[in-house]
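One chain, chain A, links the two complexes that follow: it is found with chain B in the first and with chain C in the second.
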Partner chain A sequence: MAVYIVRRLIWLPFILLVVSFATFSIARFGPGDPLAVAAGQFRDPEILAQVRAERGLDGSVLEQYGRWLSAALRGDFGESFLQQGFSVSELIFPKMWISAQLGLIALVIVFALGIPLGLLASRLSGTWIDPFIISTLLFLRAIPVIVLIPPLLWLFALQLNLLPVGGWGGLFDIWWLGGVVAIPIPDPHLYLPLMAMSIGGFGGVARLVRITALEVQGEDYIRTARAKGLPESVISGRHVLPNSLLPVVTVIGFALTSIIEGAFFVEVLLGIPGIGRFTFEAVVSRDYDVILAMTVITSAVFVLMNLLVEISYTFIDPRIRLGASAAT
Partner chain B sequence: MGGQYRLLGILLAVLAVLVLVVGGLSAALLIGGGEETGGNGGTTTSSPSEAGPDASEGGETVEAASGRLRLPGIDPITLDPHLVTDTGSAQYVAEIFSGLTTISPDLELALDLAESFDISEDGRVYTFTLRPDALFHNGRRVTAADVAWSIDRALDPETSSLVALSYLGDIVGARERRLGRSETLEGMRVVDERTIEFTLDAPKPFFLWKLTYPTAWVVDSQQVEANPRNWTRNPNGTGPYQLKEWRLGERIVLEASDRYYEGTPSVKEVLFELSGGSTLTRFENGELDVAGIGVNDLERAQDPSSDLGPLYSNSVEMSISYLAFNTEAPPFDDVNVRRAFAMAIDRAKVAETVFMNAWLPATGIIPPRVPGYTAEDKTYTFDPEGARAALAASSYGSPEGLPPITLTEMGGGASASIDTQAFLEQWREELGVEVQVRQTDRATLTADLDDGRLQIFVDGWSMDYPDPESVIDLKFHSTSPLNDVRYQNTAVDALIEAARVEQDPERRLQLYRDAEQILIDEAAWVPLYFPLAHVVVAPRVEGWFAPPLIMPRLRFVTVTE
Partner chain C sequence: MTSAVAETPAAPQGDAAPGLSGVSPGAMLWRRLRRKRLALVSMVVIAIVYGAGILAPVLAPYSYAEQNLERTLEGPSSDYWLGTDRLGRDMLSRTLYSARTTLILTVAVVLSGSVVLGVGLGLLSGYRGGWVDGAIMRVGDIFGSVPGLPMLILINATTRPRVDELARWVEEHTILSNELTTTGGASYFTVAVALSLFAWVGMARVIRAQVLQLRERDFVLAAQATGATGARVIGRHLLPNIAFLIILSVSAGLGAIAGSEIVLTWFGVGVQPPAASFGQMIFAGSGARTFQAHPHLLLVPAVVVTALMFAFNLLGDALNDAMRGQ
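Right, the complex of A and B next:
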């Protein structure tokens, strides 16, 4: 397995090289550039040409890519045009961190509630509860986030006046008990985005768990377990659940990649300074270096997550051996 | 079987670790920056009985209302006055920095760092005397050398300013300095510690207005030289406010400077909320003191019986939205085709039905509040008969004779904006011409404009100072790089060039008005609307106004408790 992992990791730099060059050329061959956007009303061709040279935006795409690559290898991913005076890493990582915190919590909520709901539905398969749970969750899942957020805002912020309309205040507020003891309480800005981000997610997870659990329940060893007289709770917990997890782990792997990309609509509608919104703004303003850094980081995480998922398969299902197929 | 248990354990452990890591790091970050939160908590929970989380949440939304002005904002692209090009950044820059001249709330030219100025007989030499009491936020006195250093820096190729020449280009030698052909700015001279002199390439009465733009403002040479890359994170300016805190994407806090030469502003602290959703919803929820109103909320805000009604006001922005024809691209190289398209649309009706009069139908090219503006309508009125006649008189003769026509506008591509749809419908109905729509983003539109690839496009123009030169000369002189419609008319050029050097203010405005009328008659642009700014302002805020230009305003605002 170690050999397999190393082999996969050796490929990573090549993948990133290809991805970065492709992104770089697509951006450069697209119409317009960040300076034309920044110049706004004033477009003096002579000045634009001069500033292009000053900012390293002149020359052929290969030349420019070479300059970018050699800087990137030294850890310098360039400077944002959208937020001048800040390096790309200074901008991306704090925003990514905000998105990742929200994404991770939403992910935990989705799986913590989705898995039990799916198991419950599978155990009650054949009764009215199973289709009721699944169809309710699928109905919620079918509501696009942009449709979901306005009524949530209306209810919780404007009518009940319980929650702020949007924004970001970190995960916890410290409530000082007697001015001495710090008690962290969740920041009120968290509730609405978490609701918006998780409500749709239950459906997918629950359905997946339900299907695989039903499949597993039809297996011989479950019948044997039942025949042995094991209580239903033990069968679910010890046999059905672990054997239903393989596809769930795959889903978690992909979901982990998506959390560092941010949740665009939630971030825009609820005004969260996350990476999804920032990436979108970067694309619109042709903020080349930000776009490129985001693509490269996301690709790297995607590759690594895939690898992690594969490794975790070997733990879940001992029959799977990594590298076996590569050897043949 | 044991393996399966272990696996479940691993999975749960991973989840637990994730929760702990995220929570722990955030808590650590929070306690690290704990003073303010602690302080906040102190003022929030005035009575210890408000212990429940609900109470503190409810309190949080209302609490911030005390003492400071809370405004919606965005992360500035830059706080460097010499680089700033967007109004989002300029609203901070205009408070932190200042220059020789400024614009007063009633849009008059006013002196700022300069105490007085003198213009030579021939209108080419401007001599400014600085006020003796002007200080940087850190207490250092502002001298003529600071002004000279700043203006030279704005033009220095190292600074890479995109706009310096647009505002300082009238000074002799500015272009050479900007393009790196000269190490010094020829037309600028420090006379003594408090006197600085500029020589212009021609007498230009709007030069004083150009100096009100941030590109001409003063920065602290010591700070910039010590930290050329990051100095704007804690800028040492000369304006009424200083930057107290900037958390990317979260908030900007400006604090009144007690060294400001006109006296410390009344509002001691201004909080710009950079995150958060709809500003109007947050305003209604008591989280903001001011919010802009979009078209969709306009009816409600203008209804005097609604909650927002008494808080609503609007003001004219100094800008214009227009339809433009590329006068080099067929079929719009024929003036009669342009006229036909201009006469076939009913702008007043569109403004009324589509925008509910959120914007004013434009009466000409020069926007309101700009000298030279007149209220009488100088544009083509809706005239289907005249439109058809004009098309028949054109070299294309009939709708069938026209090549395919595409209109380009900015947008996401899902559907044309509603007023464009109305225009397309009117062109189809009145002229029998089918026009395609193409939507692009700003970058693509700009690139296409530069390449002259467009036929009809929708765009806007904002005045940078209240002088018709800022639109008539810049957008229509045949040699201007901003002449997107590629309009060539020696008569218009002659009027513009005469206005450039005309010293009599009234005659000068008349020259621009004459040029404006020719431009409208020749339908280079179809002026569409003069945009209005619609706002609601909380009752505790006095003196608020929406600035139509880049200008300081927070020091004119007061907040009552």
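Right, the complex of A and C next:
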């Protein structure tokens, strides 16, 4: 397995190279000159040429890419055109942190609610409640995030006046009990984005847990446990539960990907200063260096995440041996 | 679509597959699927939306671009069954033509991306093996590891002006006068190409894995031993045996393709006005205040899109279950 992991890791820089070159060429292929904006209203061709050279925008695409690559290898992703004076790294990492916090909380919520719902459905299989739970969750999964947010905002912010319409206020607010005791409570800006990001995820998790729980209940060792007279609570707590949870780990990767895609729209629609909104603004205003850094960094995260998920399979199910069946 | 499921496997398997005589995997799949009520309901929903798309020019009471600025933002009435939008365009006609957009783009992407590129490269990769296989799969790895959505937005945003230039050139040099640029037709092309670039990977991997197994089966070895050419082995022996897999992957991917178009158009980099798309309709209706004042702007496209996505999901699940023999 170590050989397999090393081989995949060696492969990573090559993927990043291709991805960055593709992004670089596509971005340069587009219309509009970012320097026209950066140079402002009064353009002196001489100064323009000087700025062009400073930003590494002169010469052929290959030359430009070479310069970008050698700088990026040293951790320098250039300077943002949109917010001048800030390096791309300075801008990206704080925003990434906000998105990461939101995404991880949404992930926890998806599993914290999806697993019990799936177990409940499996326990009640044969009654009308089981298909009702599953089909409701699958219906929620079908609603696109861009459709979901306006009604949520209307209901919670305009009609009920419970939550703010958007923005970001950190994770916790301090609530002073009697002016003395500090109690941290979740910031009200969190509820809507988390709702929108997690609502589509329950269905997949709950359905998987339901199916595996039903399968496990039919296994021989459950029948043995029942035959030797173990109480039903011990059977479900000791035998059914752990064995039906194992496969759930395998969908963490999928769940995270869908949360990241959803976060893109949630951040744009709800004005959260995260990485999704930043990428959107960068694409709209052709902030080349930001776009490049974003695709390269997210690709790296995607590849590493997939590798982690694959490695986690082998810990969960020792029958799977990486590399041996790399064909699938 | 339903007829495709029934017909494709009916292709004669010939003398080469005595062990598989009787029911082909596709026919078996279809028999199991027919017993599922939810799957049938989903197919009906999809058929309604696609049928509306095909018949949009016949069914639509108004043109999708016709504005009536004296009657903007109206709720449903006898003149306008689903109300009018901000420019006084009939929402019903816009919905029908949006369904047409969904239809055109999903079919185009499925054909070019999933079927031609995906099946073609999958077959090539699995059958040839060696460095061809390695190269195709590594390219697939790269497409699979790129974050899709930002890339799609970037490609559409940067290449559209070039495609528009191309469309104008085509108009000048052919009998087309201005059909491509004024109807937003050129943007369909950009979106279809961009989505196809990402649509083939999943299909190619599935097909390749299946072909790797089939390649070792007796009937394929026998065909090769009797001197059948590569094209004949692929066309007569491999394709009929992977037809059901193609149907399965296509139906699993349809929802994602339709959703991607809607999302890209919502961002303003997909299908361009005046062409109608659910993405534009949803965008025009989003915003909490807009929803409060004119809920029909969002509700009309939202109901159709959600029903369609739900149907795609359920159908995909049902097909998956039928595949695993349940």
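Note that the second predicted complex is superposed on the first by the 249 of 328 C-alpha atoms of A that agree within 3 Å, B and C clash if a C-alpha of one lies under 4 Å from a C-alpha of the other, contacts with A are read in each partner's own complex, and residues count from 1 in each chain.
Methods note: contacts are C-beta pairs under 8 Å (C-beta built on N, C-alpha and C of every residue); 3 or more make two chains touch, one makes a residue touch a chain.
Since we're looking at a predicted model, the values are computed, not measured.
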item: First, second, both or neither for A:I146, with chain B first and chain C second; value: second
item: Partner chain in contact with A:L269 - chain B first, chain C second, else both or neither; value: both
item: In the superposition, chain B vs chain C on chain A residues touched; value: B
item: First, second, both or neither for A:F302, with chain B first and chain C second; value: second
item: Contacts of A:V165 with chain B and chain C, given as first, second, both or neither; value: both
item: First, second, both or neither for A:F111, with chain B first and chain C second; value: first
item: First (chain B), second (chain C), both or neither touched by A:W176; value: first
item: Touched partner set for A:A27, first chain B, second chain C, both or neither; value: second
item: Which superposed partner A:I311 touches (first chain B, second chain C, both, neither); value: neither
item: Touched partner set for A:L69, first chain B, second chain C, both or neither; value: neither
item: Chain A residues contacted in one complex by chain B, in the other by chain C; value: 30-31, 153, 157-158, 165, 269, 284, 286
item: Touching residues (chain side chain C, partner chain A) in the complex; value: 141-142, 145-151, 153-155, 157-159, 161-162, 209, 212, 259, 262-263, 266-267, 282-283, 285-292, 298, 301-302, 305-306, 309-310, 312-314, 317
item: Complex contact set, residues of chain B against chain A; value: 1, 3-8, 10-11, 15, 18-19, 22-23, 26-27, 29-31, 34, 37-38, 41-42, 45, 48, 53-54, 56-58, 60-61, 75, 77-80, 83, 85-86, 157, 160, 162-163, 165-166, 178-180, 229-230, 232-233, 248-250, 273-278, 281-282, 284-285, 287, 440-448, 450, 461-462, 464, 481-482
item: Chain C partner contacts - residues on chain A that touch it in the complex; value: 11, 15, 18-19, 23, 26-27, 29-31, 138-139, 141-144, 146-147, 149-151, 153-154, 157-158, 165, 260-261, 264-265, 269, 279-280, 283-284, 286, 291, 294-295, 298-299, 302-303, 306, 327-328
item: Chain A residues within the chain B interface of the complex; value: 30-48, 50-51, 54-55, 81-86, 91, 94-95, 98, 100-101, 104-105, 108, 111-112, 153, 157-158, 161-168, 170-176, 178-179, 182, 184-186, 188, 238-239, 241-243, 245, 249, 269-273, 278, 284-286, 315-316, 318
